[in-house]
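Each of the two complexes below includes chain A, the first together with chain B, the second together with chain C.
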Partner chain A sequence: MVYQQTKHLHYQILKLTGEVDLHNSPQVRKQLLAILKNGSSVLVDFSSLSYIDSSGIATLVEAFNLAKNSKLLLTIVGAVGAPLQVLELTNLNKVFHMVDSLDDIKG
Partner chain B sequence: MTSAPQGIIEVKGLVSHYGKRKILKNVDLSVQKGEIRVIMGGSGSGKSTLLNHLLALLKPTSGSIFVDGVDVVNTDRKTLSKLRQKTGVAFQSGALFSSMTVGENIKLPLKRHTRLDDHTIDIMTRLKLELMNLAGFEDLMPSELSGGMLKRAGLARAVIMDPKLLFFDEPSAGLDPVTAVELDELILKLRDAMNMTVVVVTHELESAFKIADKITVLFDGEIAITGTVDEIKNSRDERIQNLINRRPRNETVDAEQYIKRLTTGKN
Partner chain C sequence: MKLIRYEQYNACTTQLCKIRTEVRFACQAMGYPETDINLIALAIDEACTNIIRFAYCGDKSGRIVLEVYQAESQAIFLLRDFAECIEESCLEVKSKCLTEPGGLGLQLIHQIMDSVQLIPPPDSVGNILELKKRLPQG
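Up next is the complex of A and B:
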């Protein structure tokens, strides 16, 4: 897994590439929580993500909750394939704010 | 040295004994990644023994067993332990520790094998409880759960590490029909979303036909047939048809052997 942090409008983008699993999800957690604690809303770009396990999903749940309590937004962008199926399996697709692409994000 | 074959499970010429009794007689089994394989057979057919060999809980008399490329018969303890971290097992009874809460039981593998933050572990545990329709049961003791709940809690623990390979012993046994169907659906979803390979040992036909990509039928320690659901249903093997139509076995009686067994207790 590699991640890349960029900016889009007033959002921080965290782009995840490859696989998020037990070994690297703590890195994603650290990064996500740091962005939110800095007071910025975040777009988590799933478009190059091939797999995410439950530790990655749990990290998103924790970050989503922090965003909500801090009146910030956490949006998942471009989830397809297995990562989307995992979100559907856990019903989190009905909880998280999800969009198809960055074009759907309005300032 | 034998090179690792390509299926996630490859068994060749497996022979197994309990004492002098031969339980498995030259069993071959090949399961591909992402497949749901059901192993069927009546009581005493050897299906649970086969499962125990796949889990490396028994040593075979002869034959080879490769699981995810690991020669489980000859490998060292460390490699086996690594393999077990990628493998989930749901036992018939749930097999939870009675002195721990349901939640503590489920998170045990994560606490033992990972360095994840406690917040992450707690949420992962609750996600699995939600998935098994056990939300809110985290703080109960196993003795406070029904049989079906224990089984689902056992499954939650089996999949807490998102294993690549899940072994499931008798998922539907002792469950009411609705819960049994829900559990079958769940197995299908887990495979699709997590790309798990699932090996289910069962004698429940309805469940087997619903979830299996392929079914292996064991009779008296031998593989009678391995095939798709349609192939099994259309098999002309009388024993398979008896199993499907729930007809009792019409065994031929060897009079001499029978009397010998009754009078001496030996085969």
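Up next is the complex of A and C:
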């Protein structure tokens, strides 16, 4: 798994590439929580993500709760394939704010 | 019952990717569609994650044995560890709010697989988790 952090409008983008599992989800958690603690809303780009397990999903849930309590936004962008299946299986697709692409994000 | 795969791994998170790859190969060989393969690989990954975290408590010298069998109407995945024996109640899913931490992996395993149970190891050492999934039709 590799991640890349960029900016879009007033959002920080965290783009995840490859597979997120227990081995690397602590890295994602650290990065995601740091963005939110800095006071930025975050777009988590799933478009190049091929796999995510429950430790990755738990990280997103923790970040989502932190964002909500901090009046910030956490949005998942471009989830397809296996990661989308996991979100649907857990019904978290109804909890998280999800969009198909960055074009759907308005300033 | 036909043995499809037999592999051994260290109880280390670096092995999870290899385990998923082996499970995907085995599922492809048994004719599962891509969507099922993704989910079965997730269920086995979650079970191995629980073995690494809770059975071996992070001891990387522990061993995990994966066996995959094709029976008449179902695939059978056996995961053996050599840690302390656990109770069947450890496999129960507690009803909870999805946005609270913990227990999600076990919930996914039960949602994906048709049957999840502990079976007694032949020499009473460790645990064997048996997970079954119906084979695709046709």
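Everything below uses one rule, namely that the second predicted complex is superposed on the first by the 107 of 107 C-alpha atoms of A that agree within 3 Å, B and C clash if a C-alpha of one lies under 4 Å from a C-alpha of the other, contacts with A are read in each partner's own complex, and residues count from 1 in each chain.
Here is the rule we use: contacts are C-beta pairs under 8 Å (C-beta built on N, C-alpha and C of every residue); 3 or more make two chains touch, one makes a residue touch a chain.
Please read these numbers as outputs of a predicted model, since none were measured by experiment.
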| item | value |
| --- | --- |
| When chain B and chain C are modelled together on chain A, clash or fit | clash |
| Contacts of A:Arg29 with chain B and chain C, given as first, second, both or neither | first |
| First, second, both or neither for A:Phe64, with chain B first and chain C second | second |
| Touched partner set for A:Ser55, first chain B, second chain C, both or neither | both |
| Partner chain(s) touched by A:Glu88 [first = chain B, second = chain C, both, neither] | first |
| Partner chain(s) touched by A:Glu19 [first = chain B, second = chain C, both, neither] | second |
| Residues of chain A that lie at the interface with chain B and also at the interface with chain C | 21-22, 51, 53-55, 57-58, 61-62, 82, 85-86, 89-91 |
| Sites on chain A touched by chain B in the complex | 21-22, 25-26, 29, 51, 53-55, 57-59, 61-62, 82, 85-86, 88-91 |
| Residues of chain A touching chain C in the complex | 19, 21-23, 51, 53-55, 57-58, 61-62, 64-65, 81-82, 85-86, 89-92, 95 |
| Residues of chain B defined as touching chain A within the complex | 114-117, 119-121, 123-124, 127-128, 130-131, 160-162, 189-190, 192-195 |
| Touch list for chain C against partner chain A, complex | 13-14, 16-17, 20, 35, 38-39, 41-42, 45-46, 49, 52-53, 98-102, 104-105, 107-108, 111-112 |
